[in-house]
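Look at the two complexes coming up: chain A is in both, with chain B in one and chain C in the other.
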Partner chain A sequence: MASAAAPYPSGHAAVAARYDAVDEVYRETRDIRLVGFVLFLLSDCILFSAFIFAYVYLRNSAPAWPPFVDGRQLPWFDTSFAAFNSIVLFGSGVTMHFALENWKHLDKATFYRWLIATIVLGLGFLLGQAHEWTGVLHDGVTWPGSAMGASFFTLTGLHGFHVFVGVCYLTILGIQASRGVYTGSKYFGLTAGTLYWHFVDVVWVGLFFLFYIW
Partner chain B sequence: MTEAAIFKGVALIGALIVGITASVQLKNDWQARGLDATVTKLLLGLMAFGCVLALLAAVNVLGVRGIRS
Partner chain C sequence: MHPGTTTHDTHEVHGHIHPPPEGFVRKYVFSLDHKVIGFQYFITGMLIMLIAGSFALIMRLQLIDPQGALMSHNAYNEMFTLHGTAMVWMVLIPLVTGALGNFAMPLQIGARDVAFPWLNMASFWILPVAALILFSSMLFGGPHAGWTEYPPISLADGTAGALWCVAIFVVGISSTMTGMNFMVTVIKMRAPGMTWTRMPLFTWATFATALMNMVATVALSSATGALFLEHVFNVPFFDATRGGSAVLFEHMFWFYSHPAVYIFVIPAFGVISEVLPTFSRKPIFGYKMIAFSSMAIALLSFTVWAHHMFPSGLAPWLQLPFMILTYAIGIPTGIKMFSWLATLWGGRIHFTSAMLYALGFLITFTFGGITGIFLASVPVDLHEHGTYFVVGHFHYVVAGGAVMGFLAAIPYWYPKATGRMMSERLGQLGFWLFFIGLNGTFFPMHWLGLEGMPRRYASYVEFAKTNPDAVFWNRFETVFAFFMAASIGLLIFNAIWSLKHGKLAGINPWGARTLEWTISSPPPYYNFKKIPEVYGPPYDFGHPMPYRNTDNEIEPYPEYGKVVMPVPAAAGA
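Right, the complex of A and B next:
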């Protein structure tokens, strides 16, 4: 659709040329906004780190892990479903990367396809997390019942909230893109959305390791 | 076939596809410069690492203790 009517040549050199072909004011504000956004991601990283270190401390100071509750040792978390759900989220990271690349190469129709795929996979991950929480609760692991449950629900809940915000964010970006807010050379919002989504993916790598592998 | 085996099978195939795709994208973007490209490369690399973890979990090398009955 848009690629056929593209006023620019395609290819990496053309993408780089378009990226630089903006007015000085936009370039300066883009660079400042990018630094600000990366700082926001770093601050979010610190937020997750605080909870992760609390979990590591609680786990290392516990006499047994998984802990005992009412004389019964809690089960380990189910790795098989978590591995499956992790791939759903990591897959959405790849589709979002493809979406941004297609926007940069002025193929808007393919951009929308990959963006919708990302949103669908993000929603799929959230549904998977709801299924996982149900299973964990069924296994007797609760938020107030143990440090294991408190850490699990706090960290995966915080991450799930980030995924939900990301899904809303990407939906808004898609609507903005369809209304012409972004162009082939001015698309900082899409870059930020992609960075945010990759960040959410990478946080899950840490949580997957902590709760299901360690 | 158990439900866990199906999830692990899908995770294995998915981890291979997503991990290889992420690695190829990382290779394609390797020459890109700028803060956004650098952060993207870092995050793509970590995501590819996550795929390796999921793959090892799917083939019972990691996290074998937790299978819900």
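Right, the complex of A and C next:
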């Protein structure tokens, strides 16, 4: 791609050079926002941890798991579909990584392709979750019905809400990018969106283990 | 145009300078200035303190008579629930982190504002909304289960209980955002040369507090969120008959609420660490130990929550480590206490009202800390749990620790904030009223508790039959509670009166040495004409101030456009 006439050389050294080639104010602002965003993700992590603690606590203090409701033991969650849906979500993490990398390497067209792929996969995951919830409800596990349902719907609901927010977030980032808000050296918004999306992925690793493997 | 080809256009730089605020709304209502936001927190917190404090006085009046002199048991339950809830979340935490932290911390590190001014404004405006929601619950019968709102009882509160959950959830979000904001500010916005070990100790304390605020408050939001779901959608997190667990709520609640007591006492520690060396004219003893103790307390505070739950059927193998860890948290606290005493030793002590509050703090907080060690011990706690001993201990730590520290900060920073001194005569009278009132109100609670007087009872007829002295001591406490109320009234009068009639303060009336005392009082909206450079530790009395590039009176204030402010916008690249 890179020709001698290209204004920037390609490759990681060039990416790093562009990253540093910003004015002092932008550099400081970017640092401040990065620390702030990481701290925000940390506090979000505590939110999930608290509800995960609640689930582990309730499960360990229950006489039987899955619990009995009206004399009937509730069924386990179905692992196979959730595994498929997890692959969809993790796949969206990969596509988001490629999107950001392409932006850093100044390939705007490819960036949009990967970003749209990410948004589509995110929406696909949400559809899958809707399907999953229908199945679980059909099995008789309800939100107000049992501790198992309470934990499951609260945690996956919180996570699904985060995915939904993430899809909106990435869409807004795409629109901003098309309007020229970001440049090859000033793209903190895209970095933050990517961090958020990876965070939502990582949370799902924990939830998948807790509800479908454990 | 290809995204990379834009050169660093200069309009971005100018886009980051925010103009001086104009108009009443921008200046005083939706202000982005951390100092104005600090005042807003101060005024709001004091107003809520008047409400929650009057609830306390009403409770004390009820207990004049063993039958209960004033009101029904239900109304009494409502009073102590709202007193505790409002005092903890809407008075103390906003006052010590929101008001003091906002005002002093950016000045102390040589910053022009906090890292996210807009977020700071949003954090503040959540507070009055949360307070309105909390007090509106009184229209629905009010919450009754105490400030902890433990589930089996609180689930009977209906709409009022749900409103309680919403109020605490919302104010928790405000705390979390403030914590995040302050952490980033301290990490990223210190003046050049201000290394971590040259930071003033109040800034250290604010940093440790911000860490706890950010990490722990989300756990509280989760607990109140889950309780809200149980109230409204009947989701069985805490209802034991449907597979939930009431003890789970205690875990989630205390994981926040134990750090919460450090959230409001560590900023007070920070104030004491500023006031004592200033008025002893002596470097603080053990600067690093005090700073690291703040961090040690912050970290340890996450490991002690279950000492509130010894009677809940906690497994013995869990009781022991929680007991030992709770003892362990006394070590950094003790380090601080001895360092403060050593700071006084050989100093030239000036008994200003700020210093009197700080010295009073050393006495009352130590006393509350020692009874805390009693309560950390499992057998003693099983005996004293739910008695007035706990109420006495808690109020010695909170009123004698956090509030005393806060009251020391008011006369200390008032000259910097307003440009005028507070009346010393009124301030010292206020101190003695508060100190005597505090000890008179809470000291007898210890032996009433040891005799077995249960807390949260609207009448104590049966207890008074076996312990006839209880009537006398309860009346005694009620009288002294009004001393404290008078002291707060005097403080408010003093603050308002001194705005007009106080002596002009000048730049540095106390001869203190941290950065906020190098700029004019009150500071301009951008704080520092030039960002100063720091080359030494903050408390070396007797040496020249360790700052270069500070403001001086000859140089004119820079024009708008020459000062680079932090970015106020929430979005953008």
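Following the convention adopted for this analysis, the second predicted complex is superposed on the first by the 208 of 214 C-alpha atoms of A that agree within 3 Å, B and C clash if a C-alpha of one lies under 4 Å from a C-alpha of the other, contacts with A are read in each partner's own complex, and residues count from 1 in each chain.
One rule holds in what follows: a contact is a pair of C-beta atoms (placed from the backbone, for glycine too) under 8 Å apart; a residue touches a chain by one contact, two chains touch by 3 or more.
Note that the coordinates shown come from a computational prediction; the quantities given were computed from them, not determined experimentally.
Chemist: Mind checking chain B and chain C on superposed chain A, clash or fit?
Modeler: Here chain B and chain C can both sit on chain A without a clash.
Chemist: Where does A:Ser86 make contact in the superposed view: on chain B (first), on chain C (second), on both, or on neither?
Modeler: First partner only, chain B.
Chemist: Is A:Leu58 in contact with chain B, with chain C, with both, or with neither (first, second, both, neither)?
Modeler: second
Chemist: As a test of reading the superposition: which chain, chain B or chain C, is in touch with more residues of chain A?
Modeler: C
Chemist: With the two structures laid over each other on chain A, which partner does A:Asp139 touch: chain B (first), chain C (second), both, or neither?
Modeler: Touch status of A:Asp139: first partner only.
Chemist: Kindly classify A:Val35 by the partners it touches after superposition: chain B alone (first), chain C alone (second), both, or neither?
Modeler: both
Chemist: Given the touch rule stated above, what does A:Gly189 touch, chain B (first), chain C (second), both, or neither?
Modeler: Second partner only, chain C.
Chemist: Classify the contacts of A:Tyr212 with the two partner chains as first (chain B alone), second (chain C alone), both, or neither.
Modeler: The answer is first: A:Tyr212 touches chain B but not chain C.
Chemist: How wide is the angle at chain A between chain B and chain C, using CA centres, rounded to the nearest 10°?
Modeler: 130
Chemist: Which of the two partners, first being chain B and second being chain C, lies in contact with A:Pro75: first, second, both, or neither?
Modeler: first
Chemist: Regarding the shared-chain residue A:Trp103, is it in contact with chain B (first), chain C (second), both, or neither?
Modeler: Touch partner of A:Trp103: chain C, not chain B.
Chemist: With the superposition applied, I'd like the minimum CA-CA separation between chain B and chain C in Å.
Modeler: Minimum C-alpha separation, chain B to chain C: 13 Å.
Chemist: Identify the residues of chain A that lie in both the chain B contact region and the chain C contact region.
Modeler: Residues common to the chain A contacts of chain C and of chain B are 31, 35, listed in rising order.
Chemist: Contact residues on chain A for chain B in the complex?
Modeler: 31, 34-35, 38, 41, 75-84, 86-88, 90-91, 93-94, 97, 101, 135, 139, 191, 194-195, 198-199, 201-202, 204-205, 208-209, 212-213
Chemist: Spell out the residues on chain B that touch chain A in their complex, using ranges where they run on.
Modeler: 3-5, 7-8, 10-11, 14-15, 17-19, 21-22, 25, 35-36, 39-40, 43-44, 46-47, 49-51, 53-54, 57-58, 62-68
Chemist: Quick one: in the complex, what on chain A touches chain C?
Modeler: Residue positions touching the partner: 7-8, 18, 21-23, 25-26, 28-29, 31-32, 35-36, 39-40, 42-44, 46-47, 49-51, 53-54, 57-58, 61-62, 67, 69, 103, 106, 108, 143-148, 150, 153-154, 180-189.
Chemist: Residues of chain C touching chain A in their complex?
Modeler: 1-6, 8, 12-13, 16, 115-116, 176, 180-181, 183-184, 187-189, 214-219, 221-223, 226, 229, 233-237, 242-245, 248, 251-252, 255, 564, 566-567, 571-573
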